[in-house]
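Here come two complexes built around chain A, the first alongside chain B, the second alongside chain C.
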Partner chain A sequence: MRDEIAPKKIGLADWSTQFRELDDSLIKKYRYYGNSEWGIYLSPPATFMVYGARELRKLKFDNSLAALRLWGFTFTEGERLFRAKQSGKHVIATMGDLGTVPVIVMAFPDCVPFYPDCTWWTPFFNESTVLLDKAGELGAPEASCFVRSTLAAFHKMAYFPKPELLFASTGASCDDYSCIMQMVEDMGYELTWLEMPYRRDHSDYYIGDDYAATNQGLKYAKRFESYLIEEYKRVWQKMQKISRTSEPAQLIESIRKNNRLRRLVVKIKDVVYNAPIAPLPGLEMMVIEFGNLYGYADIDEWLDILEMVYETIDHRAQKGIGVLERDAIPIAWVTPTADPQLLNIIEDQGGRVVATEYVINQALVEIEEDIEPFSALARSFLNASLIGSTADRIRRITEAVNTGRVAGVIITNMLGCSHCAMETRIIEKELEKVPVLAIDVPAPLGITEQLRTRVAAFMEMLKCTTS
Partner chain B sequence: MHDILTPRERFGLLVIDERPDRCNIMPLITSHAATLKDMKLKDYYTNGENMARAQIAALETYGHDAISIFSEVGIIAEAMGSEFEYPENDLPVQRMPALMNRDIEDIIVPDAQQHARLPVYLEAIEYAYDAVGDRFPILAYVPAPFTTGMMLSDPNKFLMQTIREPESIIKIMEKSLAAAIEFCYHIINSGGLPVIVDPLASSSVISPRAYMQFALPYERQLIDFLHRYDLDVILHICGDTKPILDLLPQTRADLISIDKVSMTDAITKLSAHMRIIGNYDTSKLAFGTRDIISNEVTQLVKRSIHSRKGYIAATGCEVPVQTPKENVMAFINAAREAGWYWG
Partner chain C sequence: MKDITPKTLIGYTCSYIPVELLSATGLRPYRLLHGDIGLSKEGDKSVRIDACPLIKSNIAYVLKNRSRFAALVGSTGCDMSRRMNDVIKELTGIPVYVLNNPRTDNARIYNDEIDWLTKQLQQIARRKFTDQLIAQEITSWKSKREQLRVIDEKRKSTPSLVSTTDFHKACISYYQGALDIPKSLCTSPCDKPRVYLLGSAISYEANPILQLIENDLRIVGDYNCGLSRALNIRIKEMNFDGIKKAYYDQPPCIFKRPHKEYYDHIEISVNELNCSGIVAWTLDYCDQHEFEVQRIEHMIDRPVLRIRSDFSFQNMSQLRTRVDAFTEMLCAMK
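Right after this comes the complex of A and B.
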């Protein structure tokens, strides 16, 4: 399929047409958890539309087999979690830390981590207010972040099975998310809270600490490392109570596997963001970046999918072909959008995402393999987006701006998200060399012509600037 | 008790072998929906928006768990050339089967977006999907090849051919299968979940041998096509299916909707393989008292909800058009009371 079809973005109907040509053996080949009875996931977007993902009618997707696998795999995650539990695995909710606790959970072979907070995308993919309305009934008002849909999902237990353990981060984490988790706890769920250090570097006003640097060169107070190690050891002990004992060697193995994933994503980003013509759309890239958090509940299969993605894009890049125009305007994207359609809209208007800051820096960096594993996890987490200054958070974007790789920046703000509200102006200031467009992501079905016009005007202005 | 889940969430759990808050309730409310909008039947089955609006009115009136886009089983045969009359307030009546005046080789596989009333169905699906698709499954009933084949032919001749000229029946089946696949393809792209209906393959009409030879293989091929999309497939065969109960798992349907057969037998023989849908008697629904309906539905649901792979409370066949509203409500309320899994 890779060599026969020219790369392009296609809609749902075109994917259905293309899917009809696929051989049955290919459909049966790809399975999560290796299960041939219920683990098949290679389906076109139309399948997930039939089951309620209504926005898929409006989206455009990459037309490669690798992208088909990517979408089929991510859209079957809910089912996969139920199947995991049915087949005797322990399903563990890991929330808020965005990328470190799952590495510990994956060290236990019979456990599957997942992020209930990722339910925040569901109302948008479904073009539905069902979860948001229910969250309102349960006490999370509409002025809170879309992550409130997680509260409704815990109430309904139809989007993921009841987890056997729930880890939730607080402290330097998203505040509305933390409030929602407190409400989940009030429902009767037992949560194990982990507190995230509020700042890596507080040398400006506290002089009594020793400092070190992360593998990304970020300065941090060493006692935060010690503190995080103790937090992660608590996670380990909790896990040992419900699972077959895991040997320390398995944690090292889990770190290695997650590093393999993280290195692969770095390679993919490098090719996609630097090729003369974008070999993969921005929407698929967002899905890929977020896969670093937990491999969408089957990291082995996810790795296999990403190997295929890499092969596809590398082939495209070498041939000088891709899915967007050669003269697409390079932009950086700051904060992930809850509504995936926005990524399509930017590209439809001639944009191309070449740098991102999705508040998950800690999940994108390699975990050190030559030191004690809990220490390595702590040090990797100290790269987190939310525990440093805004300048640290957007350091990669700033570099891209300063080297002329980015013509403009889009920031998607989420209603009720306080760091969005607090940081947007600071980010604009930091990136003043290029135009910045801040968008408040509207509720599901809320993308208006007015918003499209703002985006179009911004892109038009960038085109004039770059030409 | 109050519902915790939406119908879509409820159905979603059922098909991954999880118990939802209560059993799904999906009486086959099809053309009956038109009566709730005081709509003439002809206006229902010739206009997609009308069909969808009537279906939505039914949801609002009864609170059941699915949209059912359907009017009658001749829909594909008509698009292949069989002629139908449209009485003002009755379902379409076949006037001339396509094969009365031409050969099967001359019949084309219809374009679902153009031919006869197939576009009406697609329009209905799209309208309903836009309106309530986030909360309700949109079921779209598709006649199976055997039923379409018989609707293309003189029924007596067709049945005789199953014995004397099986090769000619095979040709009809192949073309009917191709037509059903094309229709399903467009239904899926419109947001509907195809439900395979094969009423003329019931043991009330044909022998188990004929079912095995001419109906089952094409049901299975159609279901296999839908399984390529990883869809969960409902097969509905109304009438008597007791003689073919053992054969039904061979269709590979995920859910089986049954009519004139003992639910105990069905559960015994099928529940390890398929989710079971059924099977309240529609004559009783139309003409019974509310008390009788309520008592019998309660018993039916209590007997069935622990069926191993899951159960949907439903009627055995379509709710008759003129069924009193209160009787349908009695069915729904009784099923809702008796069908709880949670709490």
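Right after this comes the complex of A and C.
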């Protein structure tokens, strides 16, 4: 398929036509948990639209087999989790920390981690306010992050199976989710609370703490590492009680596997963001970045998919072909959009995402392999996006702006989200060398002509300034 | 306020920051509890409009009065409050110290952070905080809290002798670090329905709202920053450890996880004070309290009047009507 079809973004109908050409053996080849009986996930994306993800009919997707696998795999996550439970695996909810606790859970082969937090995309893909309305009925205020849909998902228990353990990370992070996790506990779920300390900036006038730096150069007081180590050891102990297996060597192996994933994503980003013509759309890239959190509940298959993605985009980059125009305007994206359609809209208006800050920096960095595993996890988590200052959070975007790689920045905010409210002005100030557009992501089905016009005007302005 | 001279203030933001340590610097501890529609609108220039009005007001207040603040001690209490420190640091250059206040039960982090804070404050003061100095500060602040407790006891009594409107004025002196707490307030025996106030912070400028509520009701107890929360601090050992223990073991803030102890405390207080209703005061975009209002209604077996505010007084007439209706309901339930 790779060599036969020119890369482009296509809609559901085209994908369905293209899907008919796939050989049966290929469809049977790809399966989650390696299970040939019920693990097949390759379907035309229209299937998922029929089953409820109505927004898919408005989206355009990459036309590669790798992208088909990517969408098929991510959209079967709910099914996968239920299958996992039915087949005797322990389903573990890891909430709030976005990327570190699952590494511990994955060290237990009979356990599957997942992030209920990721339900925040569901109302948008489904073009439905059912979850948001239910969250409101349950007490979540309307002016709060769309992640409140998680609360409703816990209430309905139809989107994922009942987890056997729930790890809830709180502390220096957004308030909305901390409140939602508390409401989940109030429903009767037993949560293990974990503390995420604040990564206090190192100021010249601070005394009395020994400082260290993460592998991304972020400074932190060394004692904070020990706080996290204690928390991760608690996770390990809890997991030991539930799992039949608990070899420390498995944690090392899990770190290695997650590092393989993280390195692969860095390579993919490097190719996609630096190729003269974008070899993969921004929407698929967002899905790829978020896969680092937990490998969409089957890291082995996800790794295999990403190997294929890399092969595809590397091939495209070498041939100088891609899915967007050569003169697409390079932009940076700050804070992930809950509505995936926005990524399509920006590209339709001539933009191209070349740098991102999706509040998951902790899941993108490598975990050290030559030190004690819990220390390594703690040190990797200290790179987290939301536990420190805004300036630290957007440091890589600032670098991209300063080196001229980025012509403009788009920030997608959520009304009432605590960090969006406080960070946007600082980000605008930090990145004042380039135009910044801050958008409030509207509720499902809320993308109006007015919003499209704002985006169009922003992109036109960038075209003028870059030409 | 008139006696404030340049660089004499050390700002702070949270009930978990020991005022005794701040005061040991020789600076006047000034809690950032401003909440005023004018200041809030000024704050819109620094943060988005959907930030909490208390945060916006405090940012604007510090920007206007930056020359008065020698330093600011913040905490990781709520997310916006923590990030407010970043904004102030960025915009004013005032030295900012943010205390890592754990949300979970983790005394080790809190104690380590108080040790860290003490070192920073000693550096600001350019002197070591001796055991004697700390004991003096504990005594001095204990005395202020005792004075407030005397007023609070009158407020709680049956019939209630002091209004929360008046109690709030005395609290302002404490939170602004004034040397003296007003000792005598007019006593006004009151047989209006007794209610308990909880929710977001009561700002210095929010007195008219208390007054409006108390036209028909009597607030005899509260669990709000800006009112009686400081009275929960009871230091037994006259040393650093005593400070740490008293501040850490105070009835928990709503942001602590899990929040069972918070509700236990509220329930006991409401029953002890024989309150017939609850007034839940929340500020716009105050997640910690907005998310909890429904829970409050479920957990505490009393009628709840929800008041949401942005500190403006535009809806005072509607609010008066709602308070009237709530009062009628409470009276009918007697």
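Note that the second predicted complex is superposed on the first by the 460 of 467 C-alpha atoms of A that agree within 3 Å, B and C clash if a C-alpha of one lies under 4 Å from a C-alpha of the other, contacts with A are read in each partner's own complex, and residues count from 1 in each chain.
One rule holds in what follows: a residue touches a chain if its C-beta (ideal position, glycine included) is under 8 Å from a C-beta of that chain, and two chains touch if they have at least 3 such contacts.
Quantities reported herein were computed from a predicted structural model and do not represent experimental measurements.
K.L.:
Would you check which partner chain A:Q182 touches, where first means chain B only, second means chain C only, and both and neither mean what they say?
P.N.:
Second partner only.
K.L.:
Just to be sure I read the superposition right, which of the two partners does A:S173 touch: chain B = first, chain C = second, or both, or neither?
P.N.:
second
K.L.:
Which partner does A:K241 reach: the first (chain B), the second (chain C), both, or neither?
P.N.:
neither
K.L.:
Now for A:E79: first (chain B), second (chain C), both, or neither, which partner does it touch?
P.N.:
first
K.L.:
Touch check for A:H155: first (chain B), second (chain C), both, or neither?
P.N.:
Only chain B; A:H155 stays clear of chain C.
K.L.:
Counting touched residues of chain A, say whether chain B or chain C comes out ahead.
P.N.:
C
K.L.:
Could you give the residue numbers on chain A that contact chain B in one complex and chain C in the other?
P.N.:
No residue of chain A touches both chain B and chain C.
K.L.:
Quick one: which bits of chain B touch chain A in the complex? Just the residue numbers, please.
P.N.:
Residues 4-6, 8-10, 12-13, 16-18, 20, 129, 133-135, 138, 185, 188-189, 191-193, 228-231 of chain B touch chain A in their complex.
K.L.:
Okay, in this complex, where on chain A does chain B touch?
P.N.:
Chain A reaches chain B through residues 12-13, 16, 19-20, 24, 27, 38, 40-44, 46-47, 49-52, 54, 57, 79, 82-83, 86, 126-128, 130, 155-156, 158-159, 161.
K.L.:
Which residues, counting only chain A, touch chain C once they are in their complex?
P.N.:
Per the touch definition, chain A meets chain C at residues 138-141, 143-144, 168, 170-176, 178-183, 185-186, 191, 193-195, 197-198, 200, 203, 205-209, 221, 223-224, 227, 389-391, 413, 415-426, 429.
K.L.:
Where on chain C does chain A make contact in their complex?
P.N.:
Residues of chain C touching chain A: 45-48, 50-52, 55, 76, 78-80, 82-84, 86-87, 90, 95-98, 100, 102-104, 106, 108-109, 112, 115-116, 119-120, 123, 255, 257-259, 284-285, 287-288, 290-295.
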